[in-house]
Amino acid sequence: MSFISQLINGLSIGSIYALIALGYTMVYGIAKMLNFAHGDVIMIGAFSVFTAISSLHMNPMYAVLIGIITCVTLGVLIEKIAYKPLRKASPLTVLITAIGVSFLLQNIVLLIFGSTLKPFPSIMEVDSFKINENFSITGKSIITMVVTFIIMILLTLFINKTKTGRAMLAVSEDRGAAELMGVNVNKTISITFAIGSGLAAIAGVFYASTYGFIGPYSGSMPGIKAFIGAVLGGIGSIPGAMIGGILLGVVESLSKAYISTELSDAIVFAVLIIVLIFKPSGLLGKNRTEKV
Amino acid sequence: MKNKFSKNHLVTFSIVIIAFLLCFILISSGNATRQFKGLLVPIGINIILAVSLNLAVGFLGQLTLGHAGFMSVGAYAGCLFSIQFQDILPMIIRFPLAMIAGGLVASAFGIIIGIPVLRMKGDYLAIVTLAFGEIIRSVITNLKFTGGAAGLKGTPQDTNYIIVFVVIFITLFVLMNLIDSRHGRAIMSIRDNSIAAESIGINITYFKLLTFVIAAFFAGVAGVLYGHNLSILSASTFDYNKSIEILVIVVLGGMGSIRGSIIAAILITALPEMLRGSDKYRMLLYAIILIFMMLLNSSPKFAQFKSKLNYKTLIGIIKSRIKKEA
Amino acid sequence: MALLEVKNLSITFGGLRAVDNFNINIEKGQLYGLIGPNGAGKTTVFNLLTGVYKPTDGSIILDGKNITGKTPIEISKSGIARTFQNIRLFKNMSVMDNVKLGLHNQNKYSVFAGIFKLPSYSHEEKIMDQKAMELLKVFGLDNELETISSNLPYGKQRKLEIARALATNPKLLLLDEPAAGMNPNETAELMETIKFVRDEFSMTILLIEHDMKLVTGICEEISVLNFGTRLAQGITSVVLNDPKVIIAYLGE
């Protein structure tokens, strides 16, 4: 496969990472926490769609909708039950709780569905787009990239132009001030988790369609990689998450093609370490210093 | 005047000595059940893993999710050493050397991982150590000299409960004395307020690295004990689930409480034995424990309850009860 | 030679020049005040002096030694200790341990010695216990040795923070709003304590304060900071009558 094919592959998987990274970065910006369970919400999204189609025989469009609703509900519930009571707790406490939630989701799915990988039904039936004799872009890639692109534009407009979106920016900037200005902080945080989780559901569908199989641990690795993408772009920055996610997808794809598949994971983590050493705030991030 | 922590630690150490004597008497007199004998080594190994992780999580305040990775490299190093030297050295020399080898190799990895992550904030540290654990696992599974996916065979079965207890005593001795020294205080100060610690001249980088190295060392030793207790050593045992299990023990026993880690290790290790048949719910239970303990620790009501719960009030209650009956 | 010589100290954050050409000379043994409206940059000056921030311009010379741009740890070893606007105690540790941590760098016993409880450990710990006790007696905290620091009442927490800073055996002590949150009685007691510390330990003290009673009561000289620049400086009573200073605080 030529370089351009690998590149497009990378852009496609990178778009998925970008969608997931958005969830991480928004939650980190607003709630100042790393939602460790976010990756597993992706997996739940994929499983809900899977169940809707295979067991309930729903139309794929409705199934995806069910997936989104499930994830949004789950995200908001998790926030209310596990994270909200810990708003004043130490970051270590919140992190452990998030790990607990992640572990919980993985093992609930494991109990219900078992550990064998399930084939994900094919729902993106679009013909490949042929560029010339040598290669073409798969239908899946096209849909993934186009939909992600549209979502990113919509999200940017939402954040910058709507009242709720700007409230999210305000709360992430200075929670106390936002509250004094009349922003309903609880509602804003819930909405942030809702949006992030909704995007996770869509990412889950794309991821499952691209790789074909899902299992209880399927969300873990893409979640971590997407987080690395968010850090690369600057945690807390929405354009950063988009760029970081896509960039990471490209790095991963090219590493798999030109270096080694086994080492590609290690390379992705090496990227994280290098970024954190040399530019801890990421490409587009702001240097947030703690008040002394 | 003796530091309060010292007294605490002396009590813990004595409890472990008594426990050892009890086990010794039970087993020598033939009164121990097979189940009991079979649990001693796993419990002991988990104790060593938990108290060493507690140093990093409970005393330094840094969450590392790759503790199983350190256990893994230590296990392989120690077992390979033993296999290599089993015909050359007598067990009484070889096994301790194997444990030291395993511990040192794990420490070396502790430094390799520690240096890049030193300045990272907690969230990032967690992810990087998680990654380390996973990468180690996949690398070992792909190497030939470690036996690959089939596992490492031929390690002499040297582990027994007496050796495990000895190692526990050594581990507790080192860790408890470290905590009671100025270096232990420095480590805890980083947890409590790293900015203030820096302002009084505490070298945060040095102490983070020191903690990593020591925690990794004992995880590696635990790994060697584990490896010499099985016929086949497989890297897949040292996975994310194992790291979480140790974290659950630390959280359940109380971060920063060595005695708590010991008790929790006993509970968690013995649990699957008692819950025969419900083993698949074990991981679910771990998740619930983590979430529940964190929520509990953060609630102000629980903090009030905890501050009232100490020996003085307990003795006070007992005294007033006795008075009532008199 | 002044103990502390600061020349043209400046720092810029993004587009904002938070501290602009700040100059100050503090003589050994002086009780010096740094005052100014909220947001003037006083704590930023402290952060520059203690190495939390690196200045973009200027120099800091302590007892003849250039400490500009050094790390907080190096500066602590050079002899500057501080307290914080929002008390930063080691909240899960006892009163005694908090002070002993201040003594950390004056001890040499190694990790090995600590683990194996070698003679150097016992010897140095004993000395630390004594020194810590002496300090805590000064601040009236010697009957609370084992109390967890976060359980102390506010006033005592502030005192503990000062005791910890003193334990590092500094040449210069920086106090950031030590009287914040105190009632008039506590403030009066604090004033006596600070004077005592200066006299007993031959300490040079620079403090940030809003409580004018304290400033006029114990500060010999003061510097007024407004919008990052020095507005006035000199003997306390003179400076406080300066029309520029009055305007800065009360408006035109």
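Chains: A, B and C, in written order; residue numbering restarts at 1 for each.
By definition in this document, a contact is a pair of C-beta atoms (placed from the backbone, for glycine too) under 8 Å apart; a residue touches a chain by one contact, two chains touch by 3 or more.
Just so you know, these numbers come straight off a predicted model, no measurement behind them.
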Maximum centroid distance from subunit B, chain identifier (CA atoms): C
Per CA centroids, the chain at the heart of the structure shown is B
Subunit A-subunit C separation of Cα centroids, rounded to whole Å: 46
Subunit A and subunit B, separation of their C-alpha mean positions in angstrom: 33
Nearest whole angstrom, what separates the Cα centre of subunit B from the Cα centre of subunit C? 40
For subunit A, write out the residues touching at least two other chains, lowest number first. 292
Which residues does subunit C have that touch at least 2 chains other than itself? 52, 84
Residue numbers in subunit B touching two or more further chains are 195
Show me the residue ranges of subunit B that touch subunit C in the complex, using the header's touch definition. 1, 3-4, 173-174, 177-178, 180-186, 188-189, 191-193, 195-203, 210, 256
Which subunit C residues qualify as touching subunit B in the complex? 50, 52, 71-73, 76-77, 81-82, 84, 88-94, 96-97, 100-105, 107, 109, 111, 114-117, 121, 124-125, 128-129, 145-146, 164-165, 167-168
Flag every residue of subunit B that touches subunit A in the complex, lowest number first. 57, 61-63, 65, 116-117, 119-124, 126-128, 130-131, 134-135, 138, 142, 195, 240, 244, 247, 251, 280-281, 283-284, 286-291, 294-295, 297-299
List of subunit A residues in touch with subunit C within their complex: 292
Please output the residues of subunit A touching subunit B within their complex, sorted ascending. 33-34, 36, 82, 85-86, 88-97, 99-101, 103-104, 106-108, 110-111, 220, 224, 227-228, 231, 262, 265-266, 269, 272-273, 276-277, 280, 290, 292
